[in-house]
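Quick heads-up: structures coming right below.
Common to both upcoming complexes is chain A, partnered first by chain B, then by chain C.
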Partner chain A sequence: MITFPPPVVAKHSPKALPIGLAGAGLVIVGSLFSWSYDPQVLGDLSIALNPGGLQIMAIALALLAVILLLAHKGPLAALGQWADTERGIHALADWTLIFMTLVVVGITAQAGGLINVEPGCWISFLGAVLLFLASRLVLAKKSRDLAEAVLPGWVEILVIVVIMAALLFGTAYALGIADAWVFVLFLVFVTGMAIAGTRAGLLSWLGHISLRRKRELILAAFAVAFCFPLTQGGSDANMSIASQVLVFAAAAMGLNIVVGLAGLLDLGYIAFLGSGAYVGATLSTSGFATIGWKPPFFVVVIVAACFTATLGLIIGAPTLRVSGDYLAIVTLGFGEIFRLTMFNLDGNNGPDLTHGPNGIPAIPDLTFGSFNFGDTHILLGIPIARFSNYYLLLLLLLAFIILVFHRLNTSRIGRGWVAIREDEKAAEAMGVNVFGLKLLAFATGAFLAGMAGAIKAHQDVSVTPDQYIFLESAFLLAAIVLGGMGTIVGVLVGAVILKLLPEKLRFFADYRLLLFGLLLVLMMRFRPEGIVASRRRQLEFHEEDEELAVRVEGDIAEEAQA
Partner chain B sequence: MDTFIQQLINGLSLGSLYALIAVGYTVVYGILQLINFAHGEVFMIGAFGALTTSLVLFNGNTALWTLPIMILGAIIASVTTAVLMERFAYRPLRNAPRLAPLITAIGISVFLQELVRLNYNGIPQLNFNPFNLPDAKSIIPFPPIDVVTGPAIQVGGVTIQREAIFTIGALVVCSALLWWFINHTKTGHGMQAVSQDQDTARLMGINVDRIIVVAFALGAALAAVAGVCQGLQNHNINFRMGFLAGLKAFVAAVLGGIGNIAGAVVGGLVLGVVESMATQYIPGQFGGSPWKDVWAFTLLILVLVFRPQGLLGEKAVDRA
Partner chain C sequence: MTVTTKAAAAQRAAGVPLLQAEDVTMQFGGLMAVNKVSMTVNEGEILGLIGPNGAGKTTFFNCLTGLYKPTKGQVRLSGVELPPKPRAVVKAGMARTFQNIRLFANMTALENVMVGRYCRTSSGAITSILHGPKFKREEAETRARAQELLDFVGLHDSTEHLARNMPYGNQRRLEIARALATDPKLVLLDEPTAGMNPQETRQASDLIFKIRDTGLAVVVIEHDMRFIFNLCDRVLCLVRGETLIVGTPEEVQSDPRVIEAYLGSGVEDEDEAVDETDGPGTPDAEDTP
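Right, the complex of A and B next:
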């Protein structure tokens, strides 16, 4: 029987709780009234007692604040001893204030003038200010180690189910948002919730659960992903975006093996996706295909993957001996050579293989037996249209790539890669076959990209050289770095953010690349380990953090037990 | 024979451009072991700085005396960009793993390109354009300068563009100044010391941060000159010009041996000559200008495989 130490509760300003509760209450009350006169502004926020999307978000923020406040010192203190409520309240109050300020700015900008902001919005805004002030009065206290917080198994599984449902609902909602302001505010809401959760230790508790319940979590995640087309009610517009996100995510996951596991910086990875796509296109039944051999699609996928892997070997064999930065430049050079070659093989400057800048258009949809990917099929009474079909196929591919990634990562090969990444010389001295393993990483990454490319060719209908420019490689790399190098969840998150954001921020169409550049710089400056960092990675970036080192050891021990 | 000399001169003028940019990569790499991928953008901003100076101050005046002022304008624009970039993006990452500054560089590169594309003519949404500058979303004509641009000179069967002479001359002058700066000034000696051993240099009382800023500024100044040369040669500039030029210049720097300043100049010239010779002498469909970039990158890969330290680099380089 483990005896818990008594909870340590520090002194606490007596004013913080009432002010904070009053603030949160005002946010909620204000959200029940109308925020603007005009039903066209920021979704519809004009009807009292019928909160719109943004108002529900404000209420959710306020409710979380109430829970954290009461847990800090109040009736829920038993819960509070586990969570770092002080930092959670701080972050939550900051983001609630940012959220409400942006709402006011958004209404002002869209409806033309501050006069359009209704009293309800001002009440909520005042509440956010109060909450912010109260959060500054909350004092720090120590919380207990969350690894000890073990709930009954069914509760943990319930938590996973609830989170997955929220994820599904949230994604469907986010994709359905037409107004760019609402989308930005939704992002602010999600970010605020996530940061408050992280600060309060909620996410690290979820991390512990996910370590213990890995299998259930993965199953739930894929179940949710498979259910996603069903939430779209037959509309294919969002599925087109979603299937592009999946191609991007599959490629990013392949690159993650090369960069994240083996630590080889590849700046020309898009060329592998491109060569897969070109093989898929030239062997398809398109009237513009230049090769007469028309094998069935699963053969094409294998051929594309093998061809691309061979290409990877050809590039890798001579260059993997030079290390570090040079490899980055060689791969970048290779990426450019690929693009230029595809551009030039148009019959005038070389044999006519790719039709040069025009590319290979009119690639027909895939067919497996009598199942045509271009047709609409009915599943559970809901029509599944063209992009949904590709979405499901790509989901299978992504699952396969993740499986490969995971199995390699936890195998002898994966250990070898990590050793090479950390210290190549030491790895070699310990008998790791450095060159062979590097080559294997390169070829595996290329193989997977080739498979993704062959499907992408059919999904995109045409293949042209300008789809495979350097910027695309940079985007892939950015997805990995942004999400968290060497992690699965992180890279998926990074890929979704980088592909979904530009699609949804058409409002900022002109400025999205500018923001992308800025985002990369800021990310490297303030959180170089990525959004979802693997602990070991995090330690590399914060070497002096002793506490983190202890936690990493604890995690490794827990993982070994599970 | 005439064709050969013709291509040699074309190659040298192209190579001079690469060499001027390559010095920026090599100086920074020599000190920080950092590939400043955004250096191509510094070059581009130099060209835009010169254009702006010409448009704002001279308004169509093409006299020769405006050229030095244009170059000065280019240098101010480039150096400011490079110094700000070092201060706010690279310096906080000084001790981070190597991947971090590389990603930052890609970010800066995209950011600067987009900034010029969208905001060269002020803030169009607010009709804010105090100097009446043109829209940079497409190619912008670069003003000609008397004497430096104009009808080509014929020597025997060889045509020599005036801009080519200017570019090669610029490289000669800049190299001489750079050589003098590195070898005969206190700061130059400091740079050598820092590139050999940063910690020891600091112990000897050298302000390493300042030296690093100087390295960035020096590279930026030469890139600005290259920007002006490019503008004069092509008669136009655009916001994308930095990417390929920067990449080629990097190839040149690696070719010569990265970290070695003389190597960057030699590498640039060799790359330029190889490119124009490849255009002329590779027979069949794979010759000609569509393939010249392919040959340049192939050369890079061959050099890295067979002589990773570059033409003038020292042996036993291990850049892990």
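Right, the complex of A and C next:
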């Protein structure tokens, strides 16, 4: 066992608590007043005693600060012994100050001058500065091991429900934000809360809960996702984005089997999604479809998936025997070949299958019996429009893909994949079918992408070659790397970030690639295992970190108990 | 500790041949790493493979287990010729450990052994996704068998430990357990006591006897002569890729050529077990696939 040095005995500066509480109080009080004269700026922040979105965020930050301060040394000390309040307060104060500074900058920029910042905003800003100063007076202390913090079952379930509800309303709110500044500030708010929570140990406590209550957590997550269309009040604008996010997430999840589990670098994965979409389109009842056979949709999905899986086998069989780099190059080439082939099957250069660059337009909406995906249906008094229908269908598909991913990962096959990633030679010498397992990963990934593609064709109405360019493959891969290779939650988070942010930050459009490049570089430098790290990947990326290895062992033991 | 009596040893030496390697030759360019080596291992026998550094012991192992495709010669297990493919060799019933430990470092001890069960289980992708009774039964069996093997090698306390966190001696044991998980008829151990202290070495020989007593044959590469002469029914000495002598430990021990091969003729040398690496000319298992 590793022994840690004894903690420095903390002497809490007596001034920290009053200054900090005063600062937090000022933030709250300031938020109750008007922040700006102009109701057009940053949402409406101009009415006193009626806080707008940003003001509510400021209040939430301050309230968390109050709780942490009181838990550090005060009436909530019983709570504080579990949390690393010092680091939590530090992070929270930093981000509150960043938040308030950005608010001031935002009002100034949008309304054209510092003069437009109202006293309420200055009060809150001053509070943030005080909080920041107080946080530097707070000293480190030792906290107890969160693994021992066991609450009654219903409390844990309640926590899960509360978090899921917050997630649901947070997402609905974020999608509804029209102003880019407000959206950025919302991101700052979420990041600040998340970092403070992580530093204080809240997240690792949630990690322990989720280890114990996996089933409830998954159920809650899907319930929330299913409820999401109901929060939109019949508006389909956000659902259009949400359903695109789901297609992207489904494809990323399929690629995650190839990259995250089997450890194969596939740079042309979008071609599999594309071939699924083309099969879906050519077998649809579109007037432009080139094949006369019109089977029902579930047959089309199976055909698309099998066709795509066959493509995967054809590409994989000759190339999977060589090592990683070659595979990357071959898949990159395959992606381009696919696109160019679709581009050229236009009747001039070959048989007219795809109408070349024009693609196959006017693909009708899906119908299951009398249920038409193009129509608006009423559920619980709330209209569910076209994109919401696709959203729900895609959610089912995503659930299926996650199920496949999870079950393969926890089976004999998943163990084989890990063994191959760890030491291919040793795996082979222990009787693992290295080539077969790699091929299986490749084909499974392709199969799932084919299914997603067939649905995407109907959702997008038309299929053209330029939807399936290399950049899309790169984005899928980036979602996995950013979110966390080999994890379910991580890749979903990565997919949401990479698909949602560009939609909301339109004014960044020109710098989108630059920003993602920068983001990836920073991630590789500071957290190569991704936002949500898979336990195994984390170990692989930190070969030298003994402390991590010991911690992971503790988690494994806890999981084995549960 | 089991003692190998002379009578028992003689009986095993005359027993049913399990592994027959004939004229195995491995040539790397101009270098004859293994030259026409023949070896027979009988059922339930412990055979020692000794030789100075660079003699080609590990290369010979790699030829036997299909990691290398021998230039010439053939290997038969229970009379069936083995193709030079590691997976087919394991499936046929021959498993190995590595000179430098090659565990799956970020998997737990139990998972490592469960990987060894891979070739004896058959749940495919669809079975795994359906998660039906067959899958659950096989998974439970795999787990139970892996646990049993961990107990067998004395690692019952380390089930949930990560391989990379385990002490060196336990990693060696775990590698043996992983090899045993493939249900072999014959295990090849490449320097199982390298880097061990005398007490660990003694435990290792106990374990090898224990494996033999379950009816398996064992081939051991070692540099520790006391260890090998205590343990083995027969010993084969390789020098510069060629068989020098095969015989009982007494015969090999007293052969002047063996002493000469290890110590050189008339030159004072410090120790026989100098270094665990093979000579510069002979590629190791991990260098050249």
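Basically, the second predicted complex is superposed on the first by the 553 of 562 C-alpha atoms of A that agree within 3 Å, B and C clash if a C-alpha of one lies under 4 Å from a C-alpha of the other, contacts with A are read in each partner's own complex, and residues count from 1 in each chain.
Quick note on the criterion: contacts are C-beta pairs under 8 Å (C-beta built on N, C-alpha and C of every residue); 3 or more make two chains touch, one makes a residue touch a chain.
Keep in mind the model is a prediction, meaning the values are calculated, not measured.
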Which of chain B and chain C A:I455 touches, first, second, both or neither: neither
Touching partner for A:L217 - first (chain B), second (chain C), both, neither: neither
A:A281 touches, of chain B and chain C: first, second, both or neither? neither
First, second, both or neither for A:A200, with chain B first and chain C second: neither
Which superposed partner A:L440 touches (first chain B, second chain C, both, neither): second
Comparison of chain B and chain C by chain A residues contacted: B
First, second, both or neither for A:L395, with chain B first and chain C second: neither
First, second, both or neither for A:A225, with chain B first and chain C second: neither
Contacts of A:L520 with chain B and chain C, given as first, second, both or neither: first
Touching both chain B and chain C, residues of chain A: 425, 540
Chain B-facing residues of chain A, complex: 265, 318-319, 321-326, 328-330, 332-334, 336-337, 340-341, 343-344, 348-351, 424-425, 470-471, 474, 477-478, 481, 485, 510-511, 513-514, 516-521, 523-525, 528, 540-541
Complex interface listing, chain B residues touching chain A: 33, 35, 89, 92-93, 96-104, 106-115, 118, 243, 247, 250-251, 254, 285-286, 288, 290-291, 293-294, 297-298, 300-301, 304-305, 308, 318-320
Chain C contact footprint on chain A (complex, rising order): 403-404, 407-408, 411-413, 415-416, 418-419, 422-423, 425-434, 440, 444, 536, 539-540, 546, 549-550, 552-553, 556-557, 560
Complex contact set, residues of chain C against chain A: 65, 67, 86-87, 90-91, 95-96, 98, 102-108, 111, 114-121, 123-125, 128-129, 131, 135, 138-139, 142, 160-162, 164-165, 178-179, 182, 285-286, 289
